[in-house]
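Heads up, there are several structures right after this.
Each of the next two complexes has subunit A plus one other chain: subunit B in the first, subunit C in the second.
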Partner chain A sequence: MASVTLKNVTKRFDDVVAVNNVNLEIKDKEFLVLVGPSGCGKSTTLRMVAGLEEITEGTIKIGDTVVNDVPPKDRDIAMVFQNYALYPHMDVYNNMAFGLKLRKFPKDEIDRRVKEAAGILGIEQLLDRKPKQLSGGQRQRVALGRAIVREPKVFLMDEPLSNLDAKLRVQMRTELSKLHDRLQTTVIYVTHDQTEAMTMGDRIVVLRDGVIQQVDDPLTLYNKPNNMFVAGFIGSPAMNFLDAKLLKEGDKYYLDGAGAFKIAIPETKVKEVPEIKEYVNKQVVFGIRPEDLTDASLTHEFDITEDNSFTASVEVVEPMGSEIYLYLTIDDHSMIARVDVETKAKVGDNIKLGVDTRKMHVFDPETEEAIF
Partner chain B sequence: MEMKIGSKSNKIKYYFLVPALTVLIFMTIVPLIFSLGVSFTNYSPTRIGSWSFIGFENFIRTFTDSEIGTSFINNVIFVVVSVTIEFVLGMVIALLLNRKIRGISFIRTMFLLPMMVTPVAVGLMWRWLLNTDYGLLNYFIEQVFGITSINWLGSYSLAMPSIILVDIWKWTPFMILSLLAGLQSLSQEPIEAARIDGASNWQIFRYVTLPRLKNIIFVILLIRTIDCLTRSFDVVWTLTNGGPGLSTELLSLRIYRLAFKFWETGYASAVSWLYLLLVIFITTRFISYLYKQEF
Partner chain C sequence: MPLTLKDIARMVGVAESTVSRAINNKPGVGEETRRKIMKIVKEYNFKPNQLARGLAKKETRIIALLLSDLATPGYTEIIKSIEEVANRAGYQVILCNTANDIDKEKAYLELVARNRVDGAIIVGGELADKNILNLALNKEGRLVLVNRLAEEVLIPTILVDNAKGGYLATAHLIEQGLSRIAIIMGSIQDFLESEKLNGYKQALKDHNLPLREELIFETDGSRESGYNTFLNLMELDEPPGGFFVTSDLLAVGLIEAIKMGGYFIPDDFAIVSYGESLITSIINPPLTVVAEPLNKLGRLAAEYLLKLINNQSPDRVIRVLEPVLKMRASSNPQIKS
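Coming up: the complex of A and B.
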């Protein structure tokens, strides 16, 4: 059990900065997820913690020890790789026992640990098989088992579920969460899948081009994204971004989409974030999640008035079963709304949409930072 | 219409095989059958007309012929020592080269050179290098150690090590390149997993890299063994001509001498056939072992 601390960590490959001045404190027993698009430096960060990549600048501590110059085998970590990285010539038992054998554990202790881990993962009947005789899901369990038997201070997982099919991935997601509850170990988990990040992480780190964008628990990340990148990356379908101009009419502030829409900003928001006043008559970006748009003809939980609605034409209707995605356009803006299956909207219709303004976001178009 | 053209060209394609087949039949198959027939006779081109069928006599003679025995032992020593050293040396150098090095393709080409040189040229070049009186090797040894006039190719004790040395020089590159290709085709992840699991560099090599190279190792050992058994004629012929005495007389040299110096064609054919069966036996053992491997 240990915390992991990254202080001003930078990694350069020749001229390319893969990880740029990352500061991160991972608490003991925490399940921390590093998420971001490919090439954002998340795997490199993990590999630096593992000791598989040298750190160009900064320090990494596991517990109270600076591990910059400690070889991977002495860091007391275990890693699960994307392609499982099993030893193809060893059976499942030996794949799991290898690390313990190298550490000269007594035979009965090895046996006890391997069988216990196999029990937890439900792979007891596979112990004498070779990796190539296993399915993807089984291989992934063996890879997990190999990490578990070591009883390490920190688990490092590099996209461990991305090679599994969708159904198995969902199942393993839950199992990994359960496993974490059971083992009570620090886990650093890398993924490019925001759903995995949201469902599994105690906290999530969003990375982009080697720079941390935001570190927060899943709901804060979802409800209060720091910038347009985080807002767009977390959530599916992604948040709609519409160019607008901030106008002041009387006491009220409006987002004006050049005639396409005119949405009033609720007074509470203006009180919370008085800086908004500095943007009067300036361009801003209006952000609204697809589920915060409502078909006005259906029942809704907030009053729809002229101040929080607009009319858009339906381009595509995508029924998802439990809900329907509407692809809409107004003038040259396009957006997605996630509405109830009761909707009667058809392609080519002009429908009135209500905006849940309590959940609206406004961003600075220059810096892409959130205003609120 | 198309069918017709098709069937016509179907026949034509067999005509194209005729030259190759003719050469194969007359250069390989006919001599092979002829040699098998001749091996049961005392046929000799110098005594045409007076040859007769003698049954298995030639084959029995092979097992009692002390000179064949010596050649066989020479051959075993030559093959085992050369291939072993070539393999170990090749593996060490391949491991050293298996990293990001500037100019690696230049180094690889340099390593290829000995393999590309004609065997007879190799023999002549080394005969000069190893010459007792004006050879470069002796010159350096004299400069460094003060030892003079080592008779590399002319002494009983040094002739065999010398031809083994030349074979190693010529064929280690093959081992290096094959093993390097094998090493580079291995996925890196199990190696990284082993590093995290706590393996030292040696343990990674022993328990993770080597087992995964097993199949490649078997194939190249097979190729080199067959090659070394059957095709080391020319270099040895130019270097020592089998001498001094019979100290470097390999089976291939012995068979050549029996057939074309002593003109005992019948006997030489019998020895050749036994030799062929031996090589086939070794090869099939190797291959069946390879097929039994699981991954």
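Coming up: the complex of A and C.
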């Protein structure tokens, strides 16, 4: 078990900067998820920790040791990728053991490790089976077993579940989380799937263009995104962004959507973030998550007034089973609301929507940084 | 048919130049259009460089063949069959002897990374190391492994099932009516040797014969060890009647010792060796061997690589070939030497 520290880590491929000055402290036994769109540098970061990619600048430490020049085999790490090789002519035991055999581990030690890993993964009864006799989930466990028998200080996983079908992926997510609890070891996990990140990570690192956007626990990331990128990337359906102007009328501050909406910012928010006052008469971006828009005709948790509601036209009604997504427009703005299945909204209706202003966000349109 | 820029342009309803700009992350493409284009790129695993490369005619029509040790018996045949397939497809082959040196291997792999060759076949060696893994993770890194294992990443691979070879050798001796069969092998720490031992054990088990630890001889693989092992075995109360020897050098030593003792092969002792070589066919008596399908191994490796170069995937990413038993006089009195 070990912590992993990245200090000012940069990776350049010729003149392309893939990872830009990344600073990160991953705690011992932590499950840390690197998430971001394709090309954001998450896999490159992982491969630098693994020792597969050389670091252009900066240092990486595993525990107290700087590993910049330590080859992967001596780093006490094990890697799990989405495409793993299970050799069809070897049984499960040998598919888990061959790496240790090739590294010249003593036979007894190999036996102990393979059986222990099989026990942890619940595949003891499969040890003499060949891969073709296994289900997709069982195969995945064998691939994990191969990493576990290395008894690494840190597991590095790069989209290990992305080749599985949706149902199995959900099941394996839970299994991986349980496995982490059992193994009590540090895991760095790369995914492009924000749901996977949210459900598995103790902390999540959101990357974009090689730069860390935010490092936080899942709820903080969701509730207090640092910028529009994080706000839009985390959460599904994504947060609605609406262009607005900040107006001051009397003591009150409003987000004005050029006649389409006029939402008052709660006093408490203004007190918490007085910097908002600097934006008076300036353009801002109003962010609101689909679930924080409510069909005003249904029961709701907060009072709906003129200050926190607007009327929008229903373009599409998408029933999701436990809830309904309404695709809406007002003037040039389009948005999604996640509302209760009780809604009577139909395509073409104009419906009144309440905004839970306690959960509203405002961003600077130039920097895209969150004002709150 | 791989997807082209034109196809994507048609699917999204934009100009080809827009697709090209989106893929190359250049300005002038709306966010929504870019998103649609990149979704298709991802869905169809469209490789942006593929077209650019095709246009620029940057293919080298050369493939690299990395050999872990040029002196390994059987490599000549593998080289020949790879070259034959490659030449027929209009490719030339360059031979690179890595001599099991990780730095030499890295330098040769740079040829692939820098597009100096269109791909590489890596023959032999033990576990795929970081240079191979990293290259394989890069979509442009076209690699095929032959008789080399990779732990973390799935790389197109052709292997010979050594355990099956051990099984065939042992089962053949059992079928000759022998029940006490010794295995004389190299280091058990050597993965391929341990696989042959596994096959030996399995054959005994399947034929309801007991496994006798005193008949398993782990050696340094030399001719002298073959000789000395026979002398040691003769000390046993009940010496074995058959030998499975895992290399031709061990077999030569063993045969010398048997002949020196005034015994006859196969009348007194039957022998099966592993691997076809000049020695095994000209020694007296000619040796029954477990022969690896080297020609097929090379041919498939070359075919796999050519598929990868043409952006196709082989049907089975890992292909395991079975060795065959070549019966000669050393194990069967019916066959005259």
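Definition applied: the second predicted complex is superposed on the first by the 351 of 372 C-alpha atoms of A that agree within 3 Å, B and C clash if a C-alpha of one lies under 4 Å from a C-alpha of the other, contacts with A are read in each partner's own complex, and residues count from 1 in each chain.
To be clear about the criterion, contacts are C-beta pairs under 8 Å (C-beta built on N, C-alpha and C of every residue); 3 or more make two chains touch, one makes a residue touch a chain.
A quick note: this is a predicted structure, and the numbers were derived from the prediction, not measured.
Novice: Which partner chains sit in contact with A:Ser38 here, subunit B, subunit C, both or neither? Use first/second/both/neither.
Specialist: second
Novice: Is A:Leu52 in contact with subunit B, with subunit C, with both, or with neither (first, second, both, neither)?
Specialist: Both: A:Leu52 reaches subunit B and subunit C.
Novice: Quick check on the superposed pair: does A:Asn281 touch subunit B, subunit C, both, or neither? Answer first, second, both or neither.
Specialist: Neither subunit B nor subunit C is touched by A:Asn281.
Novice: Figure out whether A:Gln125 sits in contact with subunit B (first) or subunit C (second), or with both, or with neither.
Specialist: After superposing on A, A:Gln125 lies clear of both subunit B and subunit C.
Novice: For A:Thr305 in the superposed arrangement: first (subunit B), second (subunit C), both or neither?
Specialist: Once the two structures are laid over each other on A, A:Thr305 reaches no partner at all.
Novice: Just subunit B (first), just subunit C (second), both, or neither: which does A:Gln184 touch?
Specialist: Neither subunit B nor subunit C is touched by A:Gln184.
Novice: Check whether A:Ser322 is in contact with subunit B, with subunit C, with both or with neither, and answer first, second, both or neither.
Specialist: A:Ser322: touches no partner chain.
Novice: Just subunit B (first), just subunit C (second), both, or neither: which does A:Arg103 touch?
Specialist: both
Novice: Need the overlap of the two footprints on subunit A, from subunit B and from subunit C, as residue ranges.
Specialist: 50-52, 71-73, 79, 81, 83-85, 87-89, 98-99, 102-103, 146
Novice: Can you list the residues on subunit A that touch subunit B in the complex?
Specialist: So the residues of subunit A in touch with subunit B come to 50-52, 71-73, 77-79, 81, 83-89, 98-99, 102-103, 130, 132, 146, 150.
Novice: Which subunit C residues qualify as touching subunit A in the complex?
Specialist: 38, 42, 126-127, 129-130, 133-134, 137, 149-155, 157, 159, 161, 163-164, 188-189, 191, 194, 198, 317-318, 320
Novice: For subunit B, which residues count as touching subunit A in their complex?
Specialist: Answer in residue numbers: 187, 189-190, 192-200, 203, 207-208, 211-212, 214, 294-295.
Novice: In their shared complex, at which residues does subunit A touch subunit C?
Specialist: 38, 43, 47, 50-53, 71-73, 79-81, 83-85, 87-89, 94, 98-99, 101-104, 107, 146-147
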